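Got some structures for you, see below.
Both of the next two complexes hold chain A, though its partner changes from chain B to chain C.
Take a look at the complex of A and B:
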């Protein structure tokens, strides 16, 4: 027994050390190109033209990360993605991609056919953000100047992430987009990116919303409208409300920082009449003010709250009107809410929700609470 | 040779891992869409009478396993036929579970590796485990289960920021029928698959009621499945049913700060261990049955052969993963129904009848 044990052990070590040297199809980091982001345009020859931004790591005293872009066409997304090998020589690695930018043209043909591959493949991830390039072609966004980082896709991702304190563009990743486009009674939205010209350089800017109805791009909303939209969708995490005040006959602007918001959408239905009650409850703080003391007493505060409530209400009502008359796309998700709360009513009206939505009555109620005035308890300007 | 013994605790652990193993990752009750978790509850209620039947059979024949019981109740000839059926069921189920694992590895992690490689690696491990016996498997499970629990709980907590509970609504929006259908499929996969434990629990240490073991095992595992189903639904919404492996996709979307992300491998760990235990149990039951059929002294002499055959079967059983999903949710509930419900109830009726008929003749080995 003892004699056989040592050779047996040696054999085992030998087998283990030869068999477990690595994965079957492993790839070294330097043998692949890591994709940071991808832009999809309508191709000239083939259907899709995709541009990938690839991270290039150059070693030296400090490791430098720069990026370069490769453009290629293909009949399908996957075809185009693999065609890139013919230029780059390396296979692309998709797991670290942060953004996917769709051009206006390709989005008006249909969004799902672009992202379907992205959703299905196992190397790509569902948490990649979707953007629609509003003014320029998608590939030009990568040609712009990164303001904080050399890799444009990372900059774009930071911009989307930090929208929580701006609320001028919605958050949308592939998973959420898929869920929303599969849900009945809601039209999806996608944030838009455009290039801003400054000092002869082009900077990408994320602001505004693209409206997707039945999988096709139908229109755009600007940044301010997007903020109202996020209020209705209950996605507000932060941002600024600007309020005009008339204090001591002086026209002045007050900035209110949004801290908390709760939007309640309650569909009310009796027989064939469906109404939506929209209750918006916002907590804000005065963060910038340019007037005399009046605002800090009870009466002035109440006045400010009321006027903020009215402004918000007006803006939301006008946005709903605009969407109903111009696009007739339920981007607020009223239909989905109705389906969640009352499936029976939805089964009756769901099939022609478009028509119901067109003349849907929405009762907007807004409440704004001022919780503090930041660090200063008085106005900075001396009253006269 | 000493008789192998299994403590109650280990037996409960075995049932938990057996049940959650593959169902945790492939998802349960797909027919019911966003009411899948209710379907699991329905499945749990449906399986309760079957637990009573299983444990009653076991306590009528203490210390005996499935194939002895068959001979004692149904007579020599018929019992042989039923025994062959059960051997096939155990063998086939083991292959199906192995194949689930193979598909998982092939789709998610290593698309270019031939599927035979992961199948063979895990199958080999099962063969080793079954040769070592149920006692070793019980202890292994008792060792690993706390780790599995820890992973499940931590992942569950980390997923909280991603939950959208409104995805669960409308509750019962499309009526009761899809829920009942989902419940039926949850009964057959995974709850009533525990019928195979009749073939194992002959070696329970305490001869009291196996009901306790079944009851707690099923209850705890059902709880875990319900919670994970709710999580998957609340994260993936109506996309849940589109994924082959919803848990993997749901956990993949966890993102906390910039450092806790891409932790879906933790789910794979649970899955690998679950599949290992599940196909080992299946292999064990199949081998025991074959051993009894041919009056072998010990089932261990045929483990390697049966195990290798199981690996081959799992390799050729499906052409593709679409077939796997179709089979698992559309065909399997009906295919498994006789093995899980009809035959056990028949055995139970015969057993009660025989036990009443000759009360002085006691079947259990403990009787004087």
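Take a look at the complex of A and C:
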């Protein structure tokens, strides 16, 4: 009895654990179409019109990868995704998709209903980047010319990475979007993509931010405003600050490369009055000076720092004013910070945060430190 | 009496030699009778040389020697037996019943002469290459040591080559092999116990150990297992290895074998027991643990960092040679989301137009690799070029260009093949478990692969070699356990011998041990 019990038990565990696992399936890589990216537009007949960019791998001595796009409509996202199989012939494989592009129209209707399927399905991933096409329909983005790679979605992903490092566009994937859109006291942002006409060809360009309030697209910010926005959100990864100097009647432009930034948001509340203290601490380096003026003494450096601090402060204040007056969407996350720091106050004001945010007083403090002047210690023209 | 022996001789002509001499208990005083007795025992064996001669002066000293041609050193017989007996000035006044004793004491020049009365022992010593000396009028005989015959010279073993370290290797002669080890351990505690195994071959085996280091329990167990062997012949130590090993159905070896005296000496010094088998250059050692598969004698002679790196390479490749095909298969056919996108695309492009599923082409290619390996081992070296060309060009390049298999499959096969060859003493287990894991992965992906890994791990954990856990020191690196497993600690840090095996006397460097603490 005991001799047979252990093998029987082992067999039972084996069978049960085999049968109760999730979905698995033997499939060969060449039997499926790998989706590189997807664009969602408003459909003409049905609600959604989705366009997938499929990677086409041609056999031969040199592997040649091209892409083709397939557009199909459906009542739901999943319906549309399945309808595509009727044209492509192969099953779509979503795990390697890099970007999802939403058109302005569909984003104005609501973003969550588009990406809900993306969140729920097992094959789709949460690290896919979201984009909103500003000027054209989403599907036209795939028709644009790629500058390096033939697969536009991969080009777009690479562009997002680089633009984020220049603070010209915010980083946003589905996971982060889900977190931000479910957090109280913060409105989400999504980077925008545009088609730029150049030499008769259309090039996609990623720059600027779309403001999403209550799941709907309400407005856009341009690239420079996006940079200021990333300062407030403490998401600065790099980029350039251009500073104008007026000394001895000479107009000088100085490029400052951002190395490091730390932004501290401290909500201060007493009774009914809520204020936000914003402390921005940036370390930069001089990377370019287009004049012969020397500013490399201690005084000149101090002057430049002060000037940069003031410019940054002005820009940030004007951005906050603009958002408050035009969109009234708390894309800076001040509400979320308040909720984090002082939950009791948030409980009082949280329900009508929109009202509070509109007239919220924000005290901006900026500090710019110039670390070095890159490879040159003197002005290039000095001593001439 | 004479009648009885004659009758017996007639009977035994049809019986086996074995039975024959076991029933003969004594010799006759007549030389002629004795000669015919041995002639009968070695009937139809024409290598038996019978040489009769007598002393030049003493007529009564009629003698006869027996030996097997090829088994003896003819010089010893000529110069140390025949020459002295022929030319010695034997005086007549030697008491006639004392002549044999006189010859033994004063005439025969040999380092090892024994007086023997039993026919059985005489026969076996003739077979072993000694010379039997009979004298007219005596029912006793002298056995004179004259072992000879050609043996292979000591050469460097070809089964595993090294760059640094002793180059000598064992030969097929057990006494020579023993002397090679004895020369390294000059200590009376080095013990040697002989035992004959094989009902027909009477193969000489010998248990060696160092008293005070080797565990009594393991020694007794080894002797018990050797006593239980009932087999007609032992040709190589591989017979014994398989007859007495633990986990007899497992592909993992639980008894070690080595062709190098320095390895055997080092293992004896760790408290292990060696088993020499006559006719085999491979000496067995027990207990044998899984870490010994990854140890090379060179590790101990080279710089410890370099040795540790090499040992890690061996351990790593042993694991990967079993798992790589299965991991590749499950990633490519079940879990494409786990591959980086560029890799997936390049695999996808190489799969275009390939007729067989990945799992089938993997099985085919791995089988072909094993065929090439077997051909490489077995073939005469003059045709090696042909196999190389067929293997690399035809099967590798042409198969990919003709799109019969995809390039990643070839790469995985080649990688697996090389890693398998790094651990040659592991090869049977590697091939069996690699196939096992591949089958698991082909049905259930990573999930099935992991199930098979668990089974493999349980199996390894369940094995013991002569009572010592097979996986000892593999999973633990605390204290002194890990010092000679995945890495090789510097000699000044290896203050202890391996535990359990050398439980009798663990401390190897007592002065250093004190300093360490």
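Rule of thumb we're sticking to: the second predicted complex is superposed on the first by the 354 of 384 C-alpha atoms of A that agree within 3 Å, B and C clash if a C-alpha of one lies under 4 Å from a C-alpha of the other, contacts with A are read in each partner's own complex, and residues count from 1 in each chain.
Going forward, a contact is a pair of C-beta atoms (placed from the backbone, for glycine too) under 8 Å apart; a residue touches a chain by one contact, two chains touch by 3 or more.
All figures in this text were calculated on a predicted structure; none of them were measured in a lab.
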Checklist entry - If you stack the two complexes on chain A, which partner ends up touching A:213: first (chain B), second (chain C), both, or neither? => result neither
Checklist entry - Now for A:125: first (chain B), second (chain C), both, or neither, which partner does it touch? => result both
Next on the checklist: Per the contact definition in the header, classify A:313: touching chain B only (first), chain C only (second), both, or neither.
Outcome noted: neither
Next on the checklist: Going by the contact rule set out at the top, does A:30 touch chain B (first), chain C (second), both, or neither?
Outcome noted: second
Next on the checklist: After the superposition on A, what does A:233 contact: first (chain B), second (chain C), both or neither?
Outcome noted: neither
Checklist entry - Of the two partner chains, chain B (first) and chain C (second), which one does A:322 touch, if any: first, second, both, or neither? => result neither
Checklist entry - Which chain makes contact with more of the residues of chain A, chain B or else chain C? => result C
Checklist entry - When the two structures are overlaid on chain A, which partner does A:91 contact: first (chain B), second (chain C), both, or neither? => result neither
Item to check | Touched partner set for A:340, first chain B, second chain C, both or neither | outcome: first
Checklist entry - Residues on chain A in contact with chain B in one complex and with chain C in the other? => result 24-25, 125
Checklist entry - Which positions of chain C touch chain A when the two form their complex? => result 332-334, 336-337, 341, 344-354, 357-359, 403, 442, 444-445, 447, 451
Item to check | chain A residues within the chain B interface of the complex | outcome: 23-25, 122, 125-127, 175, 178-179, 182-183, 339-343, 346
Item to check | Residues of chain A that touch chain C when the two form their complex | outcome: 14, 17-18, 21, 24-30, 32, 34, 55, 57-59, 63-65, 93, 95-96, 98, 123, 125, 154
Checklist entry - Along chain B, where are the residues that touch chain A in the complex? => result 107-108, 110-113, 117, 166-167, 169-170, 172-174, 236-239, 249, 252-253, 255
